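Below you'll find the structures, each written out as structure tokens.
What follows is a pair of complexes built around subunit A, which joins subunit B in one and subunit C in the other.
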Partner chain A sequence: MLSGLINYPTVLTTLGGDKMNENADDDALILDVRNLSVDYIAHGRPPAHALEKVSFQLRKGEMLGIVGESGCGKTTLMLSLMRLLPAAGRIVNGEINFLGADLLNLNEKAMADVRWKNIAMIFQGAMNALNPVRTVGSQIAEPIARHTMNTLNDLHPIHNANRNGKATQSPNGNGHYAGKNLNPLRTVGSQIAETIKHHEAISDKGILDRRVAELLDLVGISPNRRDQYPHQYSGGMRQRAMIAMALACFPDVIIADEPTTALDVMVQAQILELLATLRQQLGLSVLFVTHDLGVVAEVCDSVMVMYGGVVAEYSDVDTIYNSPQHPYTQELLKAFPDVAHPHSKLTSIPGYPPRLDALPAGCRFAPRCPCAFARCHQAPPPLYHLGKFHEASCYLVEKTKVGIQE
Partner chain B sequence: MSHYLFKKIGWALLTVGFVVVLNFFLFRILPGDPARAVKDPRLTRQSIEAVRVRFGLDKPLPVQFLLYVRNLAQGDLGTSFHQQRPVATILVENLWNTLLLIGAGTVLSILLGIVLGVAAAWKSGTIIDYGALIGSLAAWATPTFWFGMILLFWGSSQLGLPIGGKLTAGASYDSWWEQWLDVGKHMLLPTVTYTIIYAGQYTLFMRSAVLDIFAEDYILTAKAKGLHSFQILRDHALRNAMLPTVTVVALNLGFTVAGAIEVEKVFSWPGLGQTIIDSVERQDYPVLQGAFLLLAISVIFANLLADLLYSYLDPRVRVT
Partner chain C sequence: MSQATILTVQNLRKYFPIGNGHLFRPSDKQVHAVDDVSFYLEKGEVLAVVGESGCGKSTLALTLLGLEKPTAGQIFFDGKEVTNLNRADLKIMRRHIQMIFQDPYESLNPLMTVGEIVAEPLVVHGLATRKNERTARVQKALEEAGLNPVDSYINRRPHELSGGQRQRVVIASALVLEPSLLLADEPVSMLDVSIRAEILNLLIDLRAKRGISILFITHDLSTVASFADRVAVMYLGRIVEIGAVADVLQDPQHPYTKALLSVVPVANPRLRHERIILQGETPNPIDVPTGCRFHPRCPIAIEACQRIDPPFVEIRNGQRAACIRIGEPTT
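Our next item is the complex of A and B:
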């Protein structure tokens, strides 16, 4: 079980800590996304504004639900965070402050180090997200082997000495590391290597195997199935394996993009329960993308409702359910009145989301909004702050606002 | 695994049996009396009849068929009308030469095709990609005999390579490796012709297979894991992209024996293709019958090989 896992310090040494922001004193703040805008560029057509000025924060241990109709940009947002947008996607504006540094400023190599090590992702369709010709176990082991040695190198200056070539000197010739505890007859390097092997050498096959077994056990899969292939797993097991994989490197943030969509209802419930349990146990910070407001109510702390690439309303779960201010949120809840039957689809709002390459001049929701008035068709509403943690982008709340997002 | 194996081998054997039967009747319904193919104007009617008797052509069909099957089981494919030698001996001689040529050509073209195809896909949209694409389309579209003749002309005039055959006529060799050097010189041009023509096809195939794989979700997963692009290529794309390629290569393998005909003709390479052409001209039915059987069986076994390789590469096939 979990206590058996070798815990690695999840310090992000690849990132500079120089970039301070107003929330820097907030220790629990992990992710602070600001004014993120993404376009999809197509040849000979106007760019599609898939995200416009999206801002949100994620704190340690928080589970943030991101809801909205199909095509509102949820996956685009998640992929932007990992900087894995498809070729046509461009991040045109914004910041992704992660543990105090902007991910958008990292070079590709540093970003590759952040992926999975710091931000891991559970994909929607586990069948397709797993490679069919490799065993599940090897795919879980892969990110561990990829990232853990890096972390060791970065975290342990001693280990760096190994790379600098000094490690072949004997302790006496290397005053810095000399000490009673070192065997003077053997090189520093060999002794360090031994130590690492003893405690944390994840490249060591046996330890790697044990980690994989523990991870599988953690998500309720018998470890002796690790040498099986994805097609030998049921849909639910594949999704569990995805979760085990996401946990492999003790990420600071886990992104779950509709992790239960492709599953049947019973299995959905099991996977949700697993996620909720793991989150409690491990104190995970999760971005949880879903269509399903009922699920959000069950498992999330806060909710960001998106519409057509913008934030419609953003607050804690209670506020969103008990006093929604944005007409879109209200319509969603109406279309979905009973939290006890959380599996109906969000289809009953008449009309369709806007085309992203031909957006309405005003509020993106105006063509479908039951409360729309003249002004809504002229200019898009800004995001109004309604309280310490409640934001909505609708002219109707202008009178009750306490501030405006820049 | 073993169940799958047995099933595949069983089917292959069954197909061979079917081909054996078909091959017999195919050659009985073809026009032209084989006996007359033994061209000699001095032959009298009696001697023609004697030839028919000698080759067993006077007996009723069912008896001929039984004899054919019995002889086949003993490795006897009959006697060549023209050369008066056992067909099996002729075929084995020629098959060896053909295998030498297409063996070298196939291995080289597969290697070249995989390397170029993967490089093109990996650097897709760059000059490398366009170069590989245009080059392989050109190679694919080029008629084999035309390309062979250009190479033959250029190679013999500029590089002093032999213009055909397998060995220099009348040459004597001090050692076996001198002889092999001579064979190598003769083989060079036909092998290059063969390699380039087929590599084009394999390059295109490998390129599109890798590009397809790059669009798969599990490649996104691999990127999300922070793997480097070479790691992704090696650990997640290559094996998967080999799957469709293996099928094409193995299917080709059967047909390449026949496909070598053009190359052999241009370079006068004493192989199976050359023999088939000669036998058609001389209506040498026993040789043709034997050659057809050999080709059919090689196609069947290439298929079997593809299936087995596929099941090794793709675990989803292994279990079913």
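Our next item is the complex of A and C:
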């Protein structure tokens, strides 16, 4: 086991040696996405600009909410971070700096090692993401087997002081399964089934078993339920199992895609509490993607509101909810029912998000915006800086701006 | 039962036998899906039934529609008993009670046009047989469901519509029979927040314009706040608290209602508050706990709760809750 230490291929350090120094002043910065733009290319049609100049930062232990309606680019953004865009998707511009290295410069083999080991994902719809014909325990063991651990220290995150250092966070170069993507169009379950044959690659079954039991315990499932099948689990427990799978390799970043949308409010509260506890215990950074503003207000530190593939507003959670500047943020908040004020009339936002292959010439929200004026229809507004940590892309805030993003 | 009551349910029970027994010695265990439920619904009123998955709220709706035969109890619709109707009478009753299902992506036939989907209930019930009459009814229903201009929707198929538009088509095909009662089973839980508001507002308008009564089934207390008149909270097949929305939401009495209310996400980080998170999930309704069925998860349960099945306690103008600890001085 210990020989793995020597074999550490330093993918991140070799590729991003210089960049790392740039961020030396901000040690907590884990993910720094700059000007990310993604197009979808279809034959004989103009490219659809699914993402345009999206920038955000994620720090250690931070939970960032990414909010917007269906079709606003949330999913494209997440898939870009994992470099799992469907074949028609192209990252046309930007950087995804992860711990100092640009993920867009990694080769496919190195990227495959980053996935799940460094950046893991909790998928929407816990009902469908597990393989029904395999026990939950064996499915949790799968990612551990795939990204074979190098040191005994890796076995327990809390006792593992080294994980704060950058060197040990480098993805390991175990090439057995390299080049094999997680396909976003298929369930995790079916893909996991495919790799079952690799299980024998784990030399020490005892260690693997212990890890699975530990992980189940961590998410509040009794380890003696490891040999059960997903249908024997309730919806909330399946979501817990999904979280255990995401945690299997103790990643730095977890992308949670609508993790509670299909669940009852009480189970949702349980899962949110679990995520908050895990974040504290393990120092996880979480990207929380949802359309539910209430959930974001409960758990996130910062919020990025997206509309039509661009950032509408980005700030800390208090600013977004208590002094939102972008009309889209304001309208979204008005559409959210409030238990404290029964019988208050809800406002809906008329119309639908724009089609990405037929974007309006000006601001993408202008056709639905209650405050739109002539200029909004002519050219898209830049992202204005309104304070130390507050950005909004709307002409209405031009007078109060302190700067413009280049 | 007053003149203004459209639906009265008395001591309704629906038990499902479970098939794990021997072929000739069937198991005597039963799922107590709905267990002694009584309530009424006035004309033009919106009553929300709230509870977690497995509390029996969907079985309640199916039993009201006659899709499940009740094990015991009585259902009165518009002054007449409809508990055990024969097929022909059931069909007539269902003209007046229509259901809106949860998933607008799966409840529409992808091969039919919007016009055909909305006309189908008329065909099934043999109503409006003349072609222009039928077209007129379909158009009116689509207009009422907010699909304007009707001509641009009537020939489309479901895949050409957004989630919100599909749910409007589902609502239009319920409205085309001009029912007096709508059973809405989680009609907005699959929709985005902005579209949710749109559909809820549509239901509010329908009630205002047509005086239609709505039984609104949901697990989300926040949608209840915006438009129901009264709310019934169900737990494990039983109503544990019922009353006017303002009373129940502002001064909940039952510990289950309090917990449910505390976990509703509030869209303001300054209002983050302590949540009463109940551990585990609703126990299975086969082996219902003794005494108060909520006691194994109840944060304030005392020894007596294991023995006493709590009766309803009247709080104020119609608000009732079933808990033996109500009225005790709070610590």
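The rule is short, and it goes like this: the second predicted complex is superposed on the first by the 319 of 406 C-alpha atoms of A that agree within 3 Å, B and C clash if a C-alpha of one lies under 4 Å from a C-alpha of the other, contacts with A are read in each partner's own complex, and residues count from 1 in each chain.
The definition used in the following text is that a contact is a pair of C-beta atoms (placed from the backbone, for glycine too) under 8 Å apart; a residue touches a chain by one contact, two chains touch by 3 or more.
Keep in mind it's a predicted model, so treat the numbers as computed, not measured.
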Touching partner for A:318 - first (subunit B), second (subunit C), both, neither: second
Which of subunit B and subunit C A:367 touches, first, second, both or neither: neither
Contacts of A:143 with subunit B and subunit C, given as first, second, both or neither: first
Subunit B versus subunit C as contact partner of A:115, first or second or both or neither: first
Touched partner set for A:293, first subunit B, second subunit C, both or neither: second
Subunit B versus subunit C as contact partner of A:84, first or second or both or neither: first
Partner touching more residues of subunit A, whether subunit B or subunit C: C
Partner chain in contact with A:130 - subunit B first, subunit C second, else both or neither: first
Subunit B versus subunit C as contact partner of A:231, first or second or both or neither: first
Residues of subunit B defined as touching subunit A within the complex: 216-218, 220-228, 231, 235-236, 239-240, 243, 313-316, 319
Subunit A residues within the subunit B interface of the complex: 82, 84, 112-117, 120-121, 123, 125, 128-134, 142-143, 146-147, 229, 231-232
Subunit A contact footprint on subunit C (complex, rising order): 52-53, 162-163, 192-198, 200-201, 204, 219-223, 225-227, 245-246, 249-250, 259-261, 263-272, 275, 277-279, 281
Subunit A to subunit C touching residues, read off their complex: 69-70, 234-236, 264-270, 273, 291-295, 297-298, 317-318, 321-322, 331-333, 335-349, 352
